[in-house]
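Chains: A, B, C, D, E and F, in written order; residue numbering restarts at 1 for each.
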Amino acid sequence: MAKATDVKLIDEFGRRHDGRLPEEMRPVSMRINVLDNADGSALVEFGRTRVLAAVYGPREPVQRFMILPDRALLRVRYHMAPFSTAERKSPAPSRREIELSKVIREAFEDIILVKYFPRTAIDIFIEVLQADGGTRTAAVTAASLALANAGIPMKALVAGIAVGKIEGVLVLDVDEVEDGVGEADMPVAAAPDIGKITLFQLNGVLTKEEVEKGLDMALEAIKKLVELEKQTLVEEYVTTEEV
Amino acid sequence: MSLTPFRVPIVPELRKSTILSLIAKGLRIEERDLYTPRLIKIEAGVVERAEGSAQVQLGKTQVLVGVKVDVGTPFKDTPDEGVIAVNAEFVPIASPMFEPGPPDENAIELARVIDRSLRESNAVDRKSLVIIPGQKVWVVHVDIYVLNYDGNLFDASMLATMAALIDTRLPDYEELETGEIRLKEEKKTPLQINKIVTTVNIAKIGDYLIVDPNLDEETVADTKLIVAYDHEGNVVGIQKSGAGSMTREEILKAIDIGSKAARVYFKSLEEALGERLPVKIG
Amino acid sequence: MSLTPFRVPIVPELRKSTILSLIAKGLRIEERDLYTPRLIKIEAGVVERAEGSAQVQLGKTQVLVGVKVDVGTPFKDTPDEGVIAVNAEFVPIASPMFEPGPPDENAIELARVIDRSLRESNAVDRKSLVIIPGQKVWVVHVDIYVLNYDGNLFDASMLATMAALIDTRLPDYEELETGEIRLKEEKKTPLQINKIVTTVNIAKIGDYLIVDPNLDEETVADTKLIVAYDHEGNVVGIQKSGAGSMTREEILKAIDIGSKAARVYFKSLEEALGERLPVKIG
Amino acid sequence: MAKATDVKLIDEFGRRHDGRLPEEMRPVSMRINVLDNADGSALVEFGRTRVLAAVYGPREPVQRFMILPDRALLRVRYHMAPFSTAERKSPAPSRREIELSKVIREAFEDIILVKYFPRTAIDIFIEVLQADGGTRTAAVTAASLALANAGIPMKALVAGIAVGKIEGVLVLDVDEVEDGVGEADMPVAAAPDIGKITLFQLNGVLTKEEVEKGLDMALEAIKKLVELEKQTLVEEYVTTEEV
Amino acid sequence: MAKATDVKLIDEFGRRHDGRLPEEMRPVSMRINVLDNADGSALVEFGRTRVLAAVYGPREPVQRFMILPDRALLRVRYHMAPFSTAERKSPAPSRREIELSKVIREAFEDIILVKYFPRTAIDIFIEVLQADGGTRTAAVTAASLALANAGIPMKALVAGIAVGKIEGVLVLDVDEVEDGVGEADMPVAAAPDIGKITLFQLNGVLTKEEVEKGLDMALEAIKKLVELEKQTLVEEYVTTEEV
Amino acid sequence: MSLTPFRVPIVPELRKSTILSLIAKGLRIEERDLYTPRLIKIEAGVVERAEGSAQVQLGKTQVLVGVKVDVGTPFKDTPDEGVIAVNAEFVPIASPMFEPGPPDENAIELARVIDRSLRESNAVDRKSLVIIPGQKVWVVHVDIYVLNYDGNLFDASMLATMAALIDTRLPDYEELETGEIRLKEEKKTPLQINKIVTTVNIAKIGDYLIVDPNLDEETVADTKLIVAYDHEGNVVGIQKSGAGSMTREEILKAIDIGSKAARVYFKSLEEALGERLPVKIG
């Protein structure tokens, strides 16, 4: 991966390298019921980023020590296919995958009504099939759909998106090229119907004001994504127009 | 170490007897005959950023194969050949029985059977994968990803592997003065494919042989014979897989039955890939 | 794979209600207000044989950071930069809850949050770590060693990391004719530090936000927001860590509260390191 | 290991590189009771290939989750000594060893009367001491002897041998040199007394007719090997003449 | 680490490279109660060698299979911090650390009154913070203090020290430079109050007479160290004068 | 981490008291005296394809050692020495107590004690293992394989290691123009052996010391002292191994007793290897 340091990523008309405006998401598609065996499943695409989520459970935990007497235990695995990245990714779990599995799990602990299912396990398995930036937020979006598809009761639907800063401009839904050269990447996931932000990270440098502005951009977009999720749960498949 | 499987799905008695009595009449639960594979859907080029890819549905079994290539060094004993490395992961989205972790003996067996069938048939021309003889060669990583498991991962994975290899385009590159190879964004050169290869999974259930068992059939089967064929009709690999045994006659009959089912698989590859198929299937 | 923690320490009900009712009055069990960190003690240069080191006490939490450097090759995509590798170990001396073994998700998260805060803020000038461009660079290993765990490992580890990096001296070296780098005993050259960075761990308990939670507070907290600041007041990293959620307003308020606590931490670094601090803190 | 591509491996008189005729096995030796601690043990040699098998059990399984209520659980390990191969083999289990452990286990699941010993484990440990081709079939042969030596009831004795194709000729019992350059290697294990083929693999290219012919060559040899096994169980040690 | 083969390590006056006489230890300091969470803890320094020991227990074992019905189970981990050595040490346990954990555990099995605490575990965790020779014997000394600090009943206090042979001379308490070029290194740990030697190793070549003489030098020093331990348990911190 | 062994074989009380009362009379269960090893059988050259090998029986304990050599790079701090790497595997054929898996602390201790005894005594001339100084050296892998375990793996393994090293022949080679080393089929050059080394395992049972304990004796023993000797009578290594302790007098007595038993072992090596023994044993 050559790092394109000299490339201008915002042109004179304020357009990004793929023609999007700063507050424009990539085309999004959502589909549920894509896997036969899973109790719930979803395939979510943001541009070329493609993430599959499967939910199994509530079910008996594989190992007995994993029982919680008063609630369901969540198991979350964020995993990248070896062919999803520019250079082949080794199948062994990376430190990045371990961290993201944790923050994605924590994005749902307060959302799933775990008290309804004591002594069970709910498994959320996420497979990144193609990575082009924004995989963790696509993963949260796919997991939310797969959980709903599995009939797991939740306080509200969750979706995620990242805001980046490129050449001084805050932009929505950064892709890999933008992430590689940008000054900041701030992934956010939220359940807008109940006002909860469930995943929040910042990699990069922002002023406090930019954090606030970026957060609002993300929350705005998340509202739209949750609307798309609702539509998907009715129609099984939705897509936004091509750029 | 290999252990007798102790967490096998239980097929309810009623379903089991249905399967067996249907087979005795020459029929299957999915309304097909004993020697016909399930519905096949092959789609190549499904992971745009990989150098090659294909997704296959065989009934409800779904397998995705991605091919990534990079530049590496040849093995010492084959300095004039590139490397093809096949790996299989049974990711837990695919079945309630799959747990996260390194490949188990089943995933390893699957990858190795496919690897050998490709290697021994010389399906991909490994000599054409040399960049600088003895020093730099293409390393072709074939990653088999099981998305949904309903039996017979062998045939679904082999079809997806074959389609993904045909779909593969090597990146353009330039040799730097330092001897290093710098890859470019463009990917144009297809792999040189000498042979089209498929496996056929033939299960033995009681005194019957059936082709392309689904999960329930695999579970009640005595054993399975996986036979690999090239498009010229040669046998290019065999693996008895599963706990039971077969007689001499059953093995020979299975190889015969399989060669007919192989035509069905070749036909599906032809339909899916059309002109891109580098060899003419009889 | 990440699992809901199932071996969490239980805070007795009485203690829990004490914590909560104190917080409602703006007080803490350790007699401080909601937005003030615990007593801080920073000591640099505690491991003489390491290239840099520091030990930090934050209340009863104790963290030791050692820095070792060696000569390595740069990453392919950053040939003109040295490497900083942060690793955290929760060694079992530190808590009855820590078991020997490879770093778990909490240790990995801690190391990565600190690593990113350093990297994104360009706190250490990575370009100054190049020995021979594209070929030989300094690899700076930051090893975080938790000695006693009483909550908020983030801030204690970040302070110790920062102090240890400031304490670090690169070995003198000579380039041999073979191109190899031979290190000498003498260590004189400090790292080029561009920014002083600290994190502030803000826990949400009920409707309250508190700074620098101790173990009991962390255990009863809904969630935590870790915000990293540079000495110029920029936000250089954020991590929501923990099972719960926050509102938009809570997040913005936390960032505000944190920026004040960050001053306390910067001040402690200044007091501990004095003249050795390479930048002037406002 | 230089690959001897130019070497003729069948001479003008139809002799192989070590003087054997195509249908000729290497000298075979079998010995039982070679280890004191094991319940049964055997050392089998095909030429320079030397394989040791030990059987422990039926015994209580080491770990409780390994209990099968209605039958004995088989554990099989095929393992190569680091010094058994031309280049030192790392002691960590290779993918090849994992696969071969599986196919060897499956060669005995239908042979051992496992229903007699519910809730127990029968362990078959195989150590390849020297590898010169045909180790998996020698392993099956040694395991069969060790099982009989341990008094584990079986439907019949099992033996194995590989058929290869070299320079167009089907040959019995290929060694490492022949395997390295040959067109095909087809290991077979069977219990000829009950007509069961229990291990069957083909690595290489054959016509259907060659598979049939090669299989018959193997079965013929396996009959002889099982006779040698029977003799060994009586006399503790047998050997066929030197080439 | 260049190996200083040409350096004279004993000068014309019989002084070692740091000015010590052959039978002279480095300055020693001992401190207990250095960690809040541990049931007992100690920090021990021999010159620049610095070792921390923490004791937890007797407590319920983490895993149930680790229960001994008639005694406490000891768990000992000798572990080096990555920054403790000249070249960074990988955090994964090395073969050396595994062996030293064993010999240190065995140095206490006959000292701790384990029969008093059946079905429990006593954990001794040792962290080498800085390594300059003699870490294993410093570890035993620190562990003895931490056990006493935790109130674990012992038959007697234990301390350890190494004797080396450098340029033909037996010397006490070898440091890393001396160990690197010396002819022998003989670590000894003992409980002098009851005459028990609990750890004894020799790496190097000695005559029988030298073993005897060296052992006596070590035992002499260990007596002094145990006196220092006793003083430390009263005063919490003691140190011997600087060289 | 090291744990008190919790799966030790139980020696029945009756057998235990037999062992103890015999020892009190200066006798052993195998009808030998306290200071005499069991019957020894040493056979070198048992694995023809290895560069060196030997099998040793010590009573019912059986150990096979194979030596493989390849070309590698020297360690940085010893550029003018070859490498000897000793590894021990307790393969599960050898005992109902051995489970498959990576070497445990006992196997690691065994390998390291033997490795140190060889290294410190300079038994194999490591300087003679250099091919191109600083760049290419012989790496000699000594793999200890336990075939049957009836106590005292130390002495059996050391004898087998010594015999296998004496049996070892380095391959002929040529240096290619590229600087690479190409090995030939022929193996002619023996290793340069400076010293013959053996260990003697002396167990303490009650107030008695006995040489070469079998498994039952090891199990009831208080502790063991493993002493390594060279053929010139020097002590070249010691390891107290086992949970108990010894007095000063017991240690000195053990070293004395051991030096006599060492002669028995040296004699066995001499008988087995005859002319091939590179040094004269007094």
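Observations, loosely collected:
In this section, a residue touches a chain if its C-beta (ideal position, glycine included) is under 8 Å from a C-beta of that chain, and two chains touch if they have at least 3 such contacts.
Here the structure is a predicted model, which means the values were calculated and not measured.
Minimum number of contact steps separating chain C from chain E: 1. When you average the Cα atoms of each chain and compare centres, the chain farthest from chain B turns out to be E. Summarising the inter-chain layout, the chain whose CA centre lies farthest from the centre of chain C is D. Each chain gets a centre from the mean of its Cα atoms; for chain C and chain F, those two points are 48 Å apart. Centroids of chain D and chain F (each the mean of its C-alpha atoms) stand 32 Å apart.
Among the residues of chain D, those in touch with two or more other chains are 77. Shared interface positions of chain F, i.e. residues touching 2 or more other chains, are given as 1, 100. If each chain is drawn as a node and touching chains are joined, the picture is one closed loop, every chain linked to exactly two others.
In the cyclic arrangement of chains, the order starting from chain E and heading towards chain F is E, F, D, B, A, C. Those residues of chain C whose C-beta lies close enough to touch chain A in the complex are 1-4, 6, 76-78, 105-106, 108-109, 111-112, 116, 120-121, 222-223, 225, 230, 233-248, 251-252, 255-256, 259. Interface residues of chain A facing chain C in the complex, by the touch rule stated above, are 1-3, 65-68, 71, 73-77, 93, 95-96, 98-99, 101-106, 109-111, 114, 184, 186, 191, 195-208, 211-212, 215-216, 219. Touching chain A in their complex are the following residues of chain B: 47-50, 53, 60, 62, 64, 66-68, 70, 87, 89, 91-96, 99-100, 102-103, 141, 143, 145, 147-150. Chain D contributes residues 35-38, 41, 48, 50, 52-54, 56, 59, 62, 77, 79, 81-88, 91-92, 123, 125, 127, 129-132 to its touches with chain F in the complex.
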